[in-house]
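Step one of this worksheet: look at the structure below.
Lettered A, B and C in written order, each chain numbered from 1.
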Amino acid sequence: MNKPFAITLDVGSSLVNHTGSWRTSRPLYVDRLPPCNNACPAGENIQSWLFHAEEGNYRRAWEEIMVNNPLPAIMGRACYHPCETSCNRAKLDSAVNIHAVERFLGDLAIKEDWTVNVEAPPSGKKVLVVGAGPSGLSAAYHLARLGHGVTIMEAGPVAGGMMRFGIPTYRLPRAVVEAEVQRILDLGVELRLNTKVEDIAGTMKDGGFDACFIAIGAHLAKRVDIPAPDAGHILDAISFLHKMETEAEPPKLGRRVVVYGGGNTALDVARTAKRLGDEAVIVYRRTREKMPAHDFEVEEALDEGVTINWLRTITQIDEGSITVEKMELDASGYPRPTGEYETIAGDTVVLALGQNVDTSVIARIPGVTMSRDGVVEVSPNMMTGHQGIFAGGDMVPSERTITIAVGHGKKAARHIDAYLRGAAYQAPPKHELASFDKLNTWYYSDADKMVQPALDLIRRRTTFEEVMGGLDESNALFEARRCLSCGNCFECDNCFGVCPDNAVIKLGPGNRFAFNLDFCKGCGICAQECPCGAIVMIPEDI
Amino acid sequence: MLKQIEGSRAMAETIALCRPQVICAYPITPQTHIVEGLGEMVKAGALTGCEFINVESEFAALSVAIGASAAGARSYTATSSQGLLFMAEAVYNAAGLGLPIVMTLGNRAIGAPINIWNDHSDAMSMKDAGWIMLFAETNQEAADLHIQAFRLAEALSCPVMVCVDGSILTHAYERIDLPAQEQVDAYLPPFEPMQVLDPADPVSIGAMVGPEGFTEVRYLAHHKQLRALEMIPDLAVEFEERFGRAAGGLLHSYRAADAETLIVAIGSVNGTIKDVVDEMRDDGHPIGCVVLTSFRPFPLARLHAALERAGRVVVVEKSLAVGLGGVLASNVRMALRGLATPVHTAIAGLGGRPITKGSLRRLFEEAGRGTLDDITFLDLNTAVVQREIERMDALPRPGPIAENILRSAGPPMSRAV
Amino acid sequence: MTEQSYQRVKFYQTGTLTVGNRLLDEVNRTVQASMSRSNALTSGHRACQGCGEALGARYALDAAMRATDNQLVAVNATGCLEVFTTPYPETSWQLPWLHSLFGNAAAVASGVAAALRVTGRSHVRVIAQGGDGGTTDIGFGCLSGMFERNDDVLYICYDNQAYMNTGVQRSSATPPTARTATTPAVGPEPGNIFGSGKDLPRIAMAHGIPYVGTASVADLHDLEAKVTRAMGLHGARYIHILVPCPLGWGSDPADTIRVARLATESGLFPLFEAEYGEVTASTPIRRQVPVEEYLRTQQRFAHLFKGDSPDVERIAALQRAADRNIRTYHLLRSAGDER
């Protein structure tokens, strides 16, 4: 072509004009901390495994959970999901049903017999874990994957801790517990049941253990003095649930059971009693709002026909009946007696007033200190006052949930690993939180939460079948896809599409994007239109 | 083939032989018959491979031609007077982009006051836009110039305006020799654009050029027209060889060899001038004339050579540079730089006023006597203008001149004066 | 007339409002999501930061390039788009492109289309494009002529609601109350007055042409679908795209898409399609907002909110105009309608 001078120009000649020189601020791809990750006591990378799950890579998603938490099928049933409480999606329609997807993945793993491997070479070190509850199992798992030899010594006849003796089967089927425990043992962890450790130091020396993690939980019931002139039938919740688990015949409770307490344990006892065919009444000294139990469990209990007497304390227990005093809340929310009394019928009283740690063995260890609440004090790296002896779970200061226990196990394992190598474990610094204000939620389609199917009430009242069903695959997939991927690029191509200067380079599937700083004018549309808040604008060096 | 045919029709049939591919048309007297003729040929299937588009204004007409030419089609349109002004922006645009569009300009006066008859004010309004401008003397030449115009335009990638006196060359019926298709095909090959819009080789046509490049672009446009000064005569020679008659070229002289007085004019008035020259020669006057065919590029050197031995030059032009004098005359004077030859301007035929042999004879004789003014308005009704000037001087705000003249002269003004 | 002309992918099919989505088949993603998009308008151009027109032009032309298998020619009127893309010696266009004049893009495009037809290249399609000034005002005559002849041209108007390239002067597309350099925010009726202006999409419809559509840079899927649909038809077609101008509107460059979204969600800029003079589809408002939310994003409306007494009456008049659009184009659909 004979192009006239200056009038006709060749394609692409503008690419010499590096408009990037115009910038006063520039975009930067960041990874921010999703609130679910931030809230998870086990430190799961929830956004990451949802990312894989929503692609249909269920195995990869499950493996991502297993990096931090060896008990996903259990978590999906028993965890109180603080992730969902903090989920940003809740501000749009409703939180992602994270626990339901986790349960789906955990159940799928069990069904498909998926395993994880020990990649690390054997360290030659041995660690003693005392207690085969969630905390001990978690620590054992992580230590095994780090290449250490682990032996768990469990005083009881089965592994599981509160997973067996605290959570009823209608919430957590035992087959699930057994499968996930066995998977941990299959990594080469030794489990010795019916082995109570009286002398930690001695056991360590005899066994050649280089470190110890104690996680014996809090299995002693708190006692309270209530006059019982006729020696009415009184049990504590722990031993009741323990008997439910270990004995062939359920304990005889009589026709009417009164459960004293307002925590989850009280609800578990009451709902168990209902299933045994008894009437169940909960007596609690404060109101529903003040109940420590999770409200959805209160709702389920009420659905199943449990009665709750609020603002009552038990003052006397007699044969066949109890006396309660009505309470009222004072200005600061504390209950105080009113002086009014009433009688309610009750064949058995089950005290669910809290649990204490059996400190007999621990207290003997030199250097170990206890707090006023009767729990073992530990440093930020989960070590007790005694060098090489670590502790976690319900026996150390915590909110006492299964997930926290699992988190302690992982954290302790990391620190033990560092200790064994003569180093210190430094947790990497956390990214900035991907709070709701950092998202551009316009881009998320409207999608209501998938709810799990629930067993109908008749069956709930009469059998111990699992109350909550799992999501099927299409629902789990749908649910995983509701995740906003807060703070983490999920390759939606928005930045690539919205740049007026064609200054975003797409690097290909899985490789995200890069900014072409030769041409980026720093307008900020990319940062504004990134749905998940994975782009920030920073001042340009001029 | 010989035909007794309206001038417009002859042009239309000749243009059709040039195988135009896109023709766009907007009606304006006096060119309309040309495009009507072409439109009919397209619709009847006589002219194939051509799209005829009825546009909504002259601005659109040339715009369509610009688009079509840039996309590689041989494009044609025609206009006059007000229409040319309405497309003025596009006229400059076509030249600036270097698009080989051929346009017939049926010369007509520009208002106000509105006037539908012939003069050269329309052509002069666009003389510096960068188009090549060729003026036809006869109906035959009006047709023939179009064949040369397409060839010239496409060789240089420059638009060409073929100027034909409205009413005179468009509406008169004369005997025209129309060429055969083979003859035209042999002279005018298919259009091979220098630049074209093509997805296979994309370019951006029409960039914004700033101070750092604009002068160079304009210089190159000027240079292109200077190249045309060489090409126009060559194409005329080739035309004569192929078609057997003379047409085009930069200029030709008539009985000028020993002329004392030389008349210069463009367009059809040269026919009348030649008749007067013949009569005056018969009476012994040493007079001749130069017919200027190419007005742009203006053949300074050739005209200088044609005029240098004359004692005086009279430029008879159908145009007026208001406030200055003659348009053509000023251009002619540039050709005579360095010589002391007096050049007289005779403004004639404005708004279609007939230029008679008698008036011309009187003009030339006065020139011969040396009593001709610098600028003469041929056949001016001095009584009317005198009256009007006096009236204007008497009143503070006189109103439109045209209205006043009409009122003072009474009906009708069309009588020859 | 309640449906949209294309089916939005539902969420449980991994629907998306984003440009792309790694979970979607490529065919359901936008053209912009593709690494092999044409970038008909590429980097290095001199548009302001955050220019809505630069974005809209690339969106529209890339979609048209895809729809025509890259057999496309563009004719561009004088204006911002032309000026910031072709300052000698740099051009940022990657397709065959011709700068017409200010008022004749439609006519020049008609000529290009005719030439392509007559030289046996009818598969090469033509787009004419210009700003609101070059379309609704100075270009109106040629546009109407192109429509009336039903020439095979898609005309795209990038509407930033004023003559931006010459310094933000009012055009017949400037909305009432907007401040421009020739409708300054002074006097008893500051900004542009009510009772003037043209609705070009409806004027286009009045010509009875095969296709008219309005679109916005805030809804890329919708915009691409409309361009693609238009390129599948022949004859005169018109698309009117709202493109915010951060400079002229006084909005944050980062807000360009957000502002365009608010224009649609308030009802002030309705998204619809028409064929042969009748409205055939509209894009529903997803989350309606009051016009005030849109107005407050731009300095050109700041005088409506000066001091402590907002210009309630004029804001209400704008709200009425928005509500009228909502009624006319059925922009609020009830739950259960296809989304």
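Throughout what follows, a contact is a pair of C-beta atoms (placed from the backbone, for glycine too) under 8 Å apart; a residue touches a chain by one contact, two chains touch by 3 or more.
Here the structure is a predicted model, which means the values were calculated and not measured.
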item: Which of A-B and B-C has more C-beta pairs touching across its chains; value: B-C
item: By mean Cα position, the chain sitting nearest the middle; value: C
item: Approximate Å spacing (C-alpha centroids) for the pair subunit A, subunit C; value: 50
item: Chain centre separation in whole Å, for subunit B relative to subunit A (CA means); value: 92
item: Separation of mean Cα positions, subunit C and subunit B [Å, integer]; value: 45
item: Of all residues in subunit C, the ones touching two or more other chains; value: 85-86, 88-89, 91, 93-94
item: Multi-chain contact residues (two or more partners), subunit B; value: 201-207, 209, 213
item: Junction residues of subunit A - those touching two or more other chains; value: 6, 9-11
item: Interface residues, subunit C side, partner subunit B - complex; value: 70-73, 75-76, 82-83, 85-89, 91, 93-104, 107-119, 124, 141-142, 144-145, 148-149, 151
item: Of subunit A, residues touching subunit C in the complex; value: 6, 9-19, 22, 54-55, 442-447, 474, 478, 481, 490-494, 496-503, 506, 508-509, 516, 518-519, 521-525, 527-529, 531, 537
item: Touch list for subunit B against partner subunit A, complex; value: 96-98, 157, 194-196, 201-207, 209, 213-214, 216-217, 220
item: Footprint of subunit B on subunit A - complex, ascending; value: 1-11
item: Residues on subunit B engaged by subunit C in the complex (per definition of touch); value: 21-22, 24, 49-51, 53-57, 59-60, 63-73, 75, 89-90, 93, 197-199, 201-210, 212-213
